[in-house]
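Notes follow once the structure below has been shown.
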């Protein structure tokens, strides 16, 4: 009995780590850059496939390949914001307009990135085995790669949090999130900060993708499901709150593993029920006021 | 029987009493003034009467019917129309359409579009906006947007009209025009409650005045009585002279 | 120079519409089978796009629920198709979607902006995953067979719904209720104080728009012969109507119609000509349209028209 409970708890934490990480990325993109990035999952997918390619073709270890994939997805995100979204932001009369239009533009991007991925890697499901030996934790067995995933999710998440709360750039980002106009008046280069945020969001997605590819099978159409999970976590934790995304991610992971234990296959349904109930009852999230 | 009656009306915002235990009554055909320093609870009282907010306690009766807890559209259809302190016109709709909406959905039984249109045109003429009837409302000057709000409210054919600072931000000529418009509205038999900071207008136009301070009624009476009330001079006019 | 009067313009427009209608009614008689099927798809997207615009255009509430309402229609068709005659099934499909819309509307229409968008999209995914689970665990099936009817029948049914949708949208736009909807989009509070029953207007219009989406789903199901949750509740069907409406321009009724027709044709063309690159090109066109056609195709054409017209006036 105790083993079962532990089993569920740890499985939930392992899943939650990834959820938290990808939600932090989306949170940054929506909370600061005001882009509800429907193509977020596509960046996750890109990160996963780049890692897969590097591992299967050159034998580069996934955690090392982060050094290659991260700058790449960051640059893609940064350039996208500098060109596409900056243009949209300037031409939109209101924030609401920009949010709507940028979301639809992301939908177009989703199509494009998916197509490029199918052309490059084919449409089939892929996977590889890396550090898949079992580790015994208090009687429950888990694959080593999942534990590493969790560890890295926590490390990246915390590093990111420290970056936002301690560094100068982080402070500029938070200022821009509060009030872009005022931040601009304070001498912060808004366009640059917003692009940086979008790029960092893509980077988090890319890291998430790398970690996901270590433990799960991947395919070019995997994106939307992760986007939706990130979105749910975002609402659970409160839109735009980084600590909220972290708490929300682990919470959702736990809910997922409990529901899966009771009734496999209902986890996603449970996520959506929570998502919609929260939107109705407390759209500011569980940590929100 | 008064057309509007409030009994011990109370509304709190997070522990603070915005309106507390206010009794008031407005007689048919009156021009009733509502004054008080900023934050005294005047607009909150308007919001309570027009059902944007519902009171924590107390009742509000319109024509003898308890309207507490009604929805705004219903209050409007019963014959209470209002304007807003910060103008709320429909900016992308032409002036004419702003007004005709009132004649379609107001107090009168279902009108044909021709009747509604005639009524709207008549009211535009009445407030002096006929010339700009095809202009999008958002393009009007502030004075004209305020007039448009009055026109839209009038088009619902109300018995009671709540005017929330229709003279704020206007120049002296525009204030004079607005005062003259208020008199003409009154002459049509419409009961008026007006929140106004332009004292000259309040004193000239109102039959009776109620003074709110920190959500409480501190005085009520004719303009003469209010002007002579030491309490009012202390909290209200005193503050003015200091400013 | 002869200046066309508005009466003259109206007559020309009516004439063009009449000819179009005749062409559409008669085309199954002489057009190749492929064209009939393509036209059916085009009609379906026009129905979805126009009914989306009926609600979301004036009120500004961006709904991503079309796929949910469409899917409910599809499933109604699959569940009831063997029980009732097709017209009844279509009606029931529409009514089921309307009922769902009333519930969703009553719950959510106080949510504004992005929260409403997310809720409506969550609805699509919730239904999709719930029915997937239900079919696997409760009924032990995946997907269902739908009674089929001929391509021509599907064509005429969709054309019928299309005509009704456009007529409804046209009449609604011209009526006092259209005006009320617009006022809600511009300032909800002022609309309420002008006597508009905001909640009732929003919910009933949302339900009306869902009705047509459900009806379209019920008809399309009969063409697919086999359906499963992923076909019925395809999230893409939530995004496309929005994009098509924006692509065409929501200011005029013919904007969404033209947008949907062109977009659907374009998609079909790209799929057949560039089967491997079609999503890439299509996605690019979406992004391009959002960037460079802020007022839609119709808005742009009107602007161009004015410029040309203005130049002519300057000449004379």
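We call the chains A, B and C, going by the order they appear; numbering starts again at 1 in every chain.
Criterion: a contact is a pair of C-beta atoms (placed from the backbone, for glycine too) under 8 Å apart; a residue touches a chain by one contact, two chains touch by 3 or more.
Keep in mind it's a predicted model, so treat the numbers as computed, not measured.
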{"item": "Chains in simultaneous contact with chain A and chain B", "value": "C"}
{"item": "Chain nearest the overall C-alpha centroid of the shown protein atoms", "value": "C"}
{"item": "Relative to chain C, chain with the most remote C-alpha centre", "value": "B"}
{"item": "Selected interface, B-C versus A-C, where C-beta contact pairs are more numerous", "value": "A-C"}
{"item": "Centre-to-centre distance between chain B and chain A (centres being mean Cα positions), rounded to whole Å", "value": "51"}
{"item": "Intercentroid distance (Cα basis), chain C paired with chain A, Å", "value": "32"}
{"item": "For chain B paired with chain C, centre-to-centre distance based on mean C-alpha positions, whole Å", "value": "42"}
{"item": "Residue ranges of chain B touching chain C (in the complex, touch as defined)", "value": "50, 52, 71-77, 81-82, 84, 88-93, 97-98, 100-102, 104-107, 113, 116, 152-153, 155-156"}
{"item": "Residues on chain A engaged by chain C in the complex (per definition of touch)", "value": "36, 84, 87-88, 91, 96, 99-101, 103-105, 107-112, 114-116, 118-119, 224, 228, 231-232, 235, 239, 263, 265-266, 268-269, 272-273, 275-276, 279-280, 283"}
{"item": "Chain A-touching residues of chain C, taken from the complex the two chains share", "value": "62, 107-108, 111, 113-115, 117-119, 122-123, 125-126, 129-130, 132-133, 136-137, 235, 239, 242-243, 246, 276-280, 282-287, 290-291, 294"}
{"item": "Chain C to chain B touching residues, read off their complex", "value": "176, 179-180, 182-183, 186-187, 189-199"}
